[in-house]
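Two complexes come next, and they have one chain in common, chain A, joined by chain B in the first and chain C in the second.
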Partner chain A sequence: MKKVFEIALGILAAIGGFVDIGDIVFNTAAGALFQYQLLWAVVIGVGAIVTYSEMCGRVAVVSQRAAFDAVRERLGFGVGLLALVAGQLVNLLTLAAEIGGIALALQLVAGLPFRVLLVIAVLALGLAIWAMPFEWIERVFGYIGLALLVFAVGAIKLHPDWGGVASGFVPHADTGDLAVYLFFVVGLLGAATVPYEVYFYSSGAIEERWTPKDLGINKANAIIGYSLGGLLSFALMITAAELFYPREISPETLGSVALGANVPLGELGLLLGLIGILFAVSGAAIDTAFAGAYNLAQFFGWEWGKYRTAVEAPRFTLAWMVMLVLGFLIVVTGVDPIQVTEYSVIFSVVALPATYVPILLVANDRAYMGNYANGRIANVFGIFYLAVILVVAVAAIPLMIISNMGQG
Partner chain B sequence: MSGPVDLALGILDHQLLDSEGRRCGNVDDLELQGVREGAPRVETILVGPPVWRGRGAIGRLAAAVARGRSVRVPWSEVEKVDSGVRLKQPAEAYGLGRGDARARKLVAWIPGAER
Partner chain C sequence: MLFAVACGGSSALTAKSLQQQRDAITSAAAEGALLAEQVADDETTEPFARIHSGELADQAKAAAQTLTKARAPAALEAKRREAAADARSTFVALEELHRAPDDQAVARRVEAELEQLAK
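Coming up: the complex of A and B.
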């Protein structure tokens, strides 16, 4: 019974933890532009993140080594360092986007200047990380982020054309502008698979002190948690398809996203939607700041972990603090947070193979993994999604240029 | 520790753990003996930024930018090799973990740092 409870808790946290500013921006924009047509891309993105989270979680549990340990061990110092630099740049950009997203969400509630809200956001994040143990951080933000489920209720209440929704799961492109369509495919895949998720997930398995007995929890967390998280992505896209597509509105602010809960469900819907966005994006910001600190510590061999005190893992502690400050400095310059989000998602796709390849290699190494090495199913999925990611990684930048960042 | 080990995939770039299970650096390079005789064995584990010079062009670049001393740990100090390389004594005995010791002063004053 305790086990069932534990799995349920983890899954709930994973649902809330999956959706971040990238998912919110890309799913809403995709629904507004292409109605239900791109739902299939979310399915592929979720499949990839489930496969690689399960894999890196298993590697971490069995070997006690997390994502960037694997990166350095398999790619060596030189190439590993390049992967680190690329991964950190993407992490920073993502973190800046999430911090900006928090301030945007706060702006809808409190009428304070944007830069003041940025300061509040970063201080609150720092305080939350400092004061709460790892499990609390994961769960508090994951659970309250579940308020996003209001978008699923809203999507149903908007009475979408379910036949059209169903056909959205079969890849087809009914559009005059293929480049924009493909740009959004890249964006949706990228938003579902942002690298910080894998960095954070693998280190989180060690933070939570999982042992091989918990491999069932690992699998359930990855499969059920991220799949249900994908459901929230569907809800955002369907809501946008109902509200914005017929009126040819492109939702350029977070406020219009929140409208998706307001129109079908009124004031309460709006409130829940805003709380959901605020906590989901804050959780993602913390995950990203941690991901940056984990990567640095693992690459250079420093002590790390929130399960250590700040005094026991001081460089790790300084690293997440510096990440928060740098993320803040990027977004305080006045760049548009939504644009930062778009760039962070597209660049993250480019950096992704440098993480997935070493994880796949280590998960197949029997000397390392013993009986827990990848079986056939994990490898079939692993290689399939790696191939998809490689194609998307190569196409991402050209598509970004050709489609003018999806503006056509 | 004696017995065969996989140098490239089994030791190089792996985590170093001290006798208390603390992470205290990565194996940045290795010093081998007996390569010419055809019976190579690891003599010393090398740790620290100056050691990166031996790790290709990017390593040289990184070594030029980073600060810090190099540390030599004799192979006889290795207790065990699993997914990490476990040492027989606390990190301080080898001069490892100095970076963490410096950083500790920066965070120790904050209330709750030892919790």
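Coming up: the complex of A and C.
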């Protein structure tokens, strides 16, 4: 049981990072529009986030310094500040979307007015972050978020064409609109590798007080946690491919996603799907609120960490509270949380190299990492995925314009 | 998600934008039919059926408003009118489900209507 709890950080990072409101709807839309054709993009995304999470977890364990420390040190104050501002804006947009997503999920469960649930959502989040120790935040939101596995059961029950599913793991574009297809590729890769995931993960390694003897746990967290996130992405895409693609349904809301669990598995499937969505999106909201506070604290050298009390780390505590309030204020204006998330994913793609390049550099620095520096295999994967990230970062905005934000 | 195609205003319709509106109506009707089927079979919850049918009704309403206000070239006018009528019918059916989210008889009828509209 202890071993199960030890991979909670990876589970939360995966459930809250990989499977946030944007991913949930984006993967569903990809399946509805392109059937199984984009499964391969999820594999690439999982590979990238596993590689870099393992790397930044290792850097954090060995140096006791988290990802944004490395960003500032390697990029210098000026460029580091630019990375901080860009990262914080994306974090804030994502947090706003997640808070909105919690209220949407609650609304589908309880049927109460959206704005009332928005207030309840942000108060509940604040209370959970304030009252619960870091490990319990991981466990509660990570493990209850696993209710999303109901979509995997639903996908199987819909009897997909397994040959077609297998062909989806080989990149091919059987579509008339290549720009929309490529826009979805960029979106899926970007959603899988959003910077807040690695900021949260590396800071979480320090929160958990990992030492070099925990490097195996670090590797297990990265591989098992994110692979699980990938599995959930596959399930959402396959469900949509079976249920929505043949009927030409273009899923636009969280309710459409939940219907994907309702149709094959009835009321129980619906409730489990909604609970999974609720806790996954709540986990993502906590990830992003913390990531914002971690980034600020690490950049400016403040005391930080959930393991410290509010008195010991007052500016860190204030930072996550301000993040929550700002996120709430954005979404209470009436913007569509799902559209906000999609924009935040695309803009975060542009900022990806500023996060991933410094991590790769520090992980290769023997003066910093000693015997724990990257080996050949880590570098082969690291450089390959960095090349993918660079291409995606350059292509994101042009594709957003050419594809009319995926509308064709 | 990214495919909200309601443009508002009284813009000129092109063949492409008309097709986008048509796709939005078909999508809302087909998804509404699936939802109505769950209600008719007593396989869903009342809050979910009420909220989600309301969301789908809003999508159909937006398409109906766009199609009603838009100007279309003569060659597309008949198709515009037909699509606007379908959008209104889809909206009315989804609104009915929204108002009676636990009535299985209503849901069965709405399911049949929406299936026709989705074809």
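Operating definition for what follows: the second predicted complex is superposed on the first by the 390 of 408 C-alpha atoms of A that agree within 3 Å, B and C clash if a C-alpha of one lies under 4 Å from a C-alpha of the other, contacts with A are read in each partner's own complex, and residues count from 1 in each chain.
We take it that a contact is a pair of C-beta atoms (placed from the backbone, for glycine too) under 8 Å apart; a residue touches a chain by one contact, two chains touch by 3 or more.
Note that the structure is predicted; figures quoted are calculated from it, not measured.
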| item | value |
| --- | --- |
| Chain A as common anchor, with chain B and chain C clashing or fitting | fit |
| Partner chain in contact with A:A310 - chain B first, chain C second, else both or neither | first |
| Touching partner for A:Y368 - first (chain B), second (chain C), both, neither | first |
| Which of chain B and chain C A:T211 touches, first, second, both or neither | neither |
| Vertex chain A angle, Cα centres of chain C and chain B, expressed to the nearest 10 degrees | 140 |
| Where chain B and chain C come nearest after superposition, their Cα distance in Å | 36 |
| Common ground on chain A, meaning residues reached by chain C in one complex and by chain B in the other | none |
| Parts of chain A lying in touch with chain B, wherever the complex brings them together | 63-65, 69, 72-74, 76-82, 130-131, 297-304, 309-315, 317-318, 365, 367-368 |
| Sites on chain B touched by chain A in the complex | 6, 9-10, 12-16, 22-26, 28, 47, 52, 55-59, 62, 82-84, 97, 99-100, 103-104, 106-108, 110, 112-115 |
| Chain C-facing residues of chain A, complex | 25-26, 29, 107-111, 243-244, 247-253, 255-256, 258-259, 262-263, 266-267, 270-271, 274, 336, 338-339, 342, 405-407 |
| Residue ranges of chain C touching chain A (in the complex, touch as defined) | 1-5, 20, 23-24, 26-27, 30-31, 34-35, 37-38, 43-48, 50-52, 55-56, 59, 118 |
